[in-house]
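There are structures below to look over.
Two complexes are shown next, each including chain A; its partner changes from chain B in the first to chain C in the second.
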Partner chain A sequence: MSYYDVDAILTDGEKVPCTFELEVPYLGHLNNAPSQVLKPGTPLTLPLWLAELLALASSGDSSPPLTLNIPPCLGTAVLSALKADPRAVPLRDQSVHLYGVGVRMLDLFDEKELSEVLRRTWTVRAGDVGLHARKADEGGLGGQQEEFLRGLEEWERKLFRRAHEGVKGAKEWTERVKK
Partner chain B sequence: MYGDTGMKLVQHAKRTQSLAHLPPYQTELVRAVTREVRDLDKDVSELLEPFQGSFDPSADQAVATTLLVNHLSMRRNKRCLLAYHRTRTEKLEELVWNGADVVDLSGQQVRADGATTTSSLSPQEEEYVRQYSDLLAAYKGQWTDIDLTGSLEPPRDLFIDVRVLKDAGEIQTEYGAITLTKNSQFYVRQGDVERLIAQGYLQKLSG
Partner chain C sequence: MASPLPPGLAPSEIAFLCEMELITIVPRQKLESIDLLSGTTPTLRPPRRENVPLWLALLLKKQRRANIVPPPWLHPDSLQDIIHFETKINPEGWAPPPPPSARADGRGNAQRTNRPGTTPLSAPFLSSCTSDAPTGAIPYHWFELAEMLLAHAADDVTSSAEVRGLLRDLQEVRSAKLRAIPAQLEAGIDGVMSLRGVGAMELAESRGLISGVIEGVRKIGASAELSRREEEEQRGDADMDNEASDDDGMGF
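On to the complex of A and B.
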């Protein structure tokens, strides 16, 4: 991950639910109420770039000003759907950067199950992505294809584009050799 | 919320990556993000003012947290600004290697009335393209018998038919000088005219 990586920056901008633990008079704007005091226990949704470091910041023996929670896109409902059939879930509707957010969450939480489900989801779906990429220029696999491709999140989209370019490039090359 | 404008810039950068040309420079957004950084910096100075340089973070957690939020927001904005500009600069370099010059690039966007042209580049970017082109030309000048920005495709024929689309003046080739006037046709060595084809002066006719 590079500092200048546009995708990493966008992933960093994904919002996660968290709870504020301190009373801070100046930070009402985080709760969309700039004139009010931010009270302890206020639920907030903050972008990762802010929430992650606030959840880790603590001075001396005091607790960090924020507790972070797992976002709903990686919640139990989504996880059980993914466990049932990874192909049937349009990941994009959950989060455009689902895997990116997942990796970041796994850096912070020790969630063995989440890691396993994500890993399996990726492998199963990646195989399908490759298949669709191969067939994309031959009229595809029908209406189901469109539905599946629409549901790809960013990592998968990138994989699809690469695979598709690869297939196209190989075809162009063999045709040139024949000439 | 802080950082939202920066996010818009990065979304622009993301779109730029998949485009063949360079969309207009977002002067307003860039200005808004830098203004936000300046405001945040002012807030930090004001917060720290009463402490006279002896602030103890563990003594006042509320202020410490606010400072952290402001600092992170500034850092975030800086990253967004840098990523936006770097994405564009990389695109510009690529375009320069493909044979575009500053006139092509800045004249890309023509207003509907046709009279005024607005550049899609910021003044700094125009200057960058100019200097980068000079640098590239100087680098290429070290090798006179190989064109570093030439096509990587091996030519099928040494000579090709071309039609002149725009007057391009006289060019020197190994076989003497030819004057390229509009609508005329020539049988020339591909290597001599590749540049002009890329720039749109000539059109290659398939034989």
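On to the complex of A and C.
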């Protein structure tokens, strides 16, 4: 992951749900109540970079000041939908950086099932992305194609672009050689 | 600073390499042999067939100084055989590349040209596109070569319209197989995917997709892989400790 990778930076900014375990003064504005202290047990959504930092920070034997939860875009409802048919879920509606967040969650949690589902989703959808990338210039697949391409998440868009570039290059060469 | 070019060869570079392939021509005019960096070309005396690099063959063809003899695998029957193999006999795999070239010796036995002890030949020094290439197997540069021949020497290709249609079919069948590779990873990377027999241009076309998919699978599996390795390492350490204590026991 490069320092200048815009997608990595944007993934860092994705909000995740978490709960504070301590009472923190002067942080009430995180809960839209600037005049009060932040009470323990307050549910909050914080950007991933801050939540990760706080969830892993622990001084000595005390527990970390924050517990991190799996974000709703990777929750049970989405996972079971993905298990049923990965193609039918518009991933972009769940999260623009679904795989990026998923990989970060896998670093933090030991979720075998999540990793399985993510890998299956990625490979199954990648096959379709390849097909659409090939047929994109021919415009043959119609409205269904538009629907699917709109639902592509950031990693998948990048893949689509790479696949399309290869197909386009070969096609351009074939056109040029005829002249 | 990383190179701005994508990894792998661009289609135009592949076509350039393909122009080194030898191809058979029937010259219509005399031409003395030319000294080139890649070697000397044979002296052309009509109507003797000679093998020349594709770029020279195309040049002579454009100047109407020669006719090109299309390689036998470009015949409609041969292409039909390959399509039959790809769709019916082995719908998952690829048609195998042409067998290693062989030459008959004086006693009527066929011997491999690439014998141990001699310098092994590979493309473009193998005559995979000349008139004595085998039928029913497409070489590494099949796509580019066929496109170039159909574009510039269509009148020399046997029933070129049919060949063009068959090539389209073959291309579609094979690109669908290349696209199916990501789905094979669904169950996990348990084997090495075979790309034996895949042509240069097909690889250039699908390189972005396949490498991108594998990169994604790697990223998703990275943390699982890390924990698996740590576990293995710990187990290895435990085994080592056991062995060490065994050794101690035997010492006394």
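Criterion: the second predicted complex is superposed on the first by the 178 of 179 C-alpha atoms of A that agree within 3 Å, B and C clash if a C-alpha of one lies under 4 Å from a C-alpha of the other, contacts with A are read in each partner's own complex, and residues count from 1 in each chain.
By our rule, a residue touches a chain if its C-beta (ideal position, glycine included) is under 8 Å from a C-beta of that chain, and two chains touch if they have at least 3 such contacts.
Computed from a predicted structure; not experimentally measured.
Enquirer: Of the partners chain B and chain C, which touch A:K178 in the superposed model: first, second, both, neither?
Expert: It touches chain C, and chain B stays clear.
Enquirer: For A:K83, is the partner it touches chain B (first), chain C (second), both, or none of the two (neither)?
Expert: In the superposition, A:K83 touches no partner, neither chain B nor chain C.
Enquirer: Using the touch definition from the top, say if A:R150 reaches chain B (first), chain C (second), both or neither.
Expert: neither
Enquirer: With both complexes overlaid on chain A, does A:G130 touch chain B (first), chain C (second), both or neither?
Expert: second
Enquirer: Contacts for A:S115 in the overlay, against chain B (first) and chain C (second): which applies, first, second, both or neither?
Expert: It touches chain C, and chain B stays clear.
Enquirer: With the two structures laid over each other on chain A, which partner does A:D107 touch: chain B (first), chain C (second), both, or neither?
Expert: In the superposed model, A:D107 contacts chain C only, not chain B.
Enquirer: When the two structures are laid over each other on chain A, which of chain B and chain C touches more residues of chain A?
Expert: Of chain B and chain C, the partner in contact with more residues of chain A is C.
Enquirer: Which residues would you name on chain A as touching chain B in one complex and chain C in the other?
Expert: After superposing on chain A, no chain A residue contacts both chain B and chain C.
Enquirer: Help me check something: in the complex, which residues belonging to chain B touch chain A?
Expert: Going by the criterion above, the answer is residues 1-3, 7, 10-11, 13-14, 17, 43, 47, 57-58, 61-66, 68-69, 72-73, 76, 79-80, 82-83, 86-87.
Enquirer: Applying the document's contact rule, which stretches of chain A touch chain B when the two form their complex?
Expert: 3-7, 9-10, 12-13, 22-27, 29-30, 32, 47, 49-50, 53-54, 57, 59-60, 62, 65
Enquirer: Where on chain A does chain C make contact in their complex?
Expert: The touching residues are 99, 102-103, 106-107, 110, 112, 115, 118-120, 122-124, 126-127, 129-131, 133-134, 155, 158-159, 162-163, 165-167, 169-170, 172-174, 177-178.
Enquirer: Note which residues of chain C are touching chain A in the complex, please.
Expert: Residues 6, 10-12, 15, 147-148, 151, 175, 178-180, 182-183, 185-186, 188, 201, 204-209, 211-213, 216-217, 219-224, 227 of chain C touch chain A in their complex.
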